[in-house]
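Below is one structure; the comments refer to it alone.
Each chain gets a letter, A, B, C and D, in the order it is written, and its residues are counted from 1.
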């Protein structure tokens, strides 16, 4: 992308053949809580995140109709902060507290009657949450990554999805960041190593295909 | 660093006050196996990695004299590859196999009589290894991150160190990459959120100080 | 205890010297939710559990005055049950659902302004919860185990405390079960291998001692 | 089994309907290293363990022909012991050291060309090992538990298998202990809550059935 490093990594055998889809998808939705999706908050309202919310909402509608498991998370800590790791982001410290409105999942992407929602304490949606147990029980083999922010919790979640043995797919217009530079840099890094980068429309087509297949 | 994103993130409260050191350091040494440290291998011999090996060797000598716990890891899989996650790096698939010489820890950084060494299967040295148990038993509260590569396993390890509740310090000349662009991009991302970025000399000074204090 | 196996295990070197206390205790309180502490529920109101609630309440009062970290948990799942592992206990399936009154922590043991409380999905309070991160940040090296039930979630939590590298202490009158047989069998098994078995009064004395020491 | 607690637990809704098999089995083989399987060692050579080795060998032969994933583990620590949790079993401390012959997997149950083998540091084969990633990649949904000892590492492994969302099956003659009392007590506890208890012949029949089905 925006640097001249691609050739170096290709020479060193990075960025090989795509991973592809397996038989059972699961969707993760990282931190689409109002802290990031509403402009009134210090971390909220970036255009790339707004775009990601819209595309993820479309994708999730199809996923739920196809009975694909959906796991959402938000980040929150105790008021005392004793359980909060050493964040260097002041708004995380101030706003991500149990009971604060900034910890509510955005209603455009969350269906409380369908999705499984977790509170997480780390960067990754997989970190010390019941997510892997949920996906193992559902026999998920392919994880679709959505949410924010690309250069933080999305990156951490995509790496974990890979580490846990799943095929990992990141539709780039379903993940967002505060700035396009780090957004692209992180897609570049993970797309070389751990996952396939695609877009919302391609994933939606695939979900429709699965839905059709399972219906027969 | 090399983009114009800093202002955006500062405006959004990223990159706050440094985390600082606690009372008990522990060192992690990520993937300084010959696959990355010897030029004969596809992934081996990048100048930034060579520099990191030299600085880490100096740092570890001081750490061992101070009785600071040191955890090293290498990555390797079964010959069948059934336990290997979906890597997109061909040299990982071909060379990181149990028994292959590319899985040997570099003798410049590894002391088998002192260090605790783990085989890991993911990107992070923390991922499904006994590291946290070892550090909890040793009462470590501050993790010094060394190894390679910055835009891959080092990034994943620094994020995990943060997630597990440790104060995290990355001496930038003790971590290396194939190319300076992604090296810097990743230090930028993690230094804004999860850890303090410093250099080998500063950490060595600090280790000497701890050593002096514990001797009294 | 109530079988003739002790000699066999002693011959095989089980049950060696006690582990002892370290410098920083942390308390875990496993599943003292009303499902287990109120007689109206299928799992609730066993005498050994009632006894454990009373002793744990006394112990926690001292712990909080000594500023010792306290982590409580309850077990609950989504209404759809998709995230619930394969339990063979019907009351778990029926009552441990988000929003059900049986998931409320018992007010005798829970102080929402002090304790850190987690929802857990497995048997162990450590399983995929932020507990280890919290205790690592607090530099805990000794875990005091309380809660219910001894032959289920307490056993699993004590094993995990050991596995994570902590010195583990189980005051036997702070853990309870539906029946004395399995209660004793499990204390026997874990006391041979993983932890020290003691009682509430001994732990309270120790907490007072720590409190005195830290005050100076 | 050998106490009068069954009625109490049945009244409280424990021990409900069996869990049953899913579509993809995986086998775990816990600690069949010579420390436990050879009489020369303090922990070695108990009749129930000898019986379990024989039955597990039969079961694994069928599993490998059916291409079912097999994960074996052994327990070992560094010579310094800094990475060893607080065991109260003297023979664990003395014999389970990297390079010691007591850490070798028993050749009757281990096929190095087929099985994936891990070193573990805790009680459970799942604890901080790559097992879940391996099984997620293989799409395992049903875990068959074999190994030793029932009242220690087998119990911990069966609980973890349950927690990770797998259907869990324990053939009681494929797991062994030093004494029949704790062997039975632990099968009783876990069979009420987390898994189905069966025997080697029943699992073998099932594996043959899967093999036949996949062949067509």
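In this section, a contact is a pair of C-beta atoms (placed from the backbone, for glycine too) under 8 Å apart; a residue touches a chain by one contact, two chains touch by 3 or more.
Given the structure is predicted, the values throughout are model-derived calculations rather than measurements.
Shared contact partners of subunit C and subunit D, listed by label: A, B. Pairs A-B and B-D differ in how many C-beta pairs touch across them, and the larger number is found at A-B. Subunit B and subunit D have CA centres that are 34 Å apart. Centre-to-centre separation between subunit B and subunit C, using Cα means, comes to 35 Å. Centre-to-centre spacing of subunit A and subunit B amounts to 25 Å, using the average Cα coordinate of each chain. Under the contact definition stated at the top, the residues of subunit B that touch 2 or more other chains are 85-86, 121-122, 128, 132-134, 137, 163-166. Within the complex formed with subunit D, the residues of subunit C that make contact are 2-5, 8-9, 12-19, 42-43, 85-92, 121-124, 127-128, 151-152, 155-156, 159-160, 162-168, 178-179, 181-182, 185-186, 188-189, 191-195.
Of all the residues in subunit A, the ones that touch subunit D in their complex are 22-24, 132-137, 139, 141, 163-166. Looking at the complex, you find that subunit B touches subunit D at residues 69, 78-80, 82-83, 85-86, 113-114, 116-117, 119, 121-122, 128-134, 137-138.
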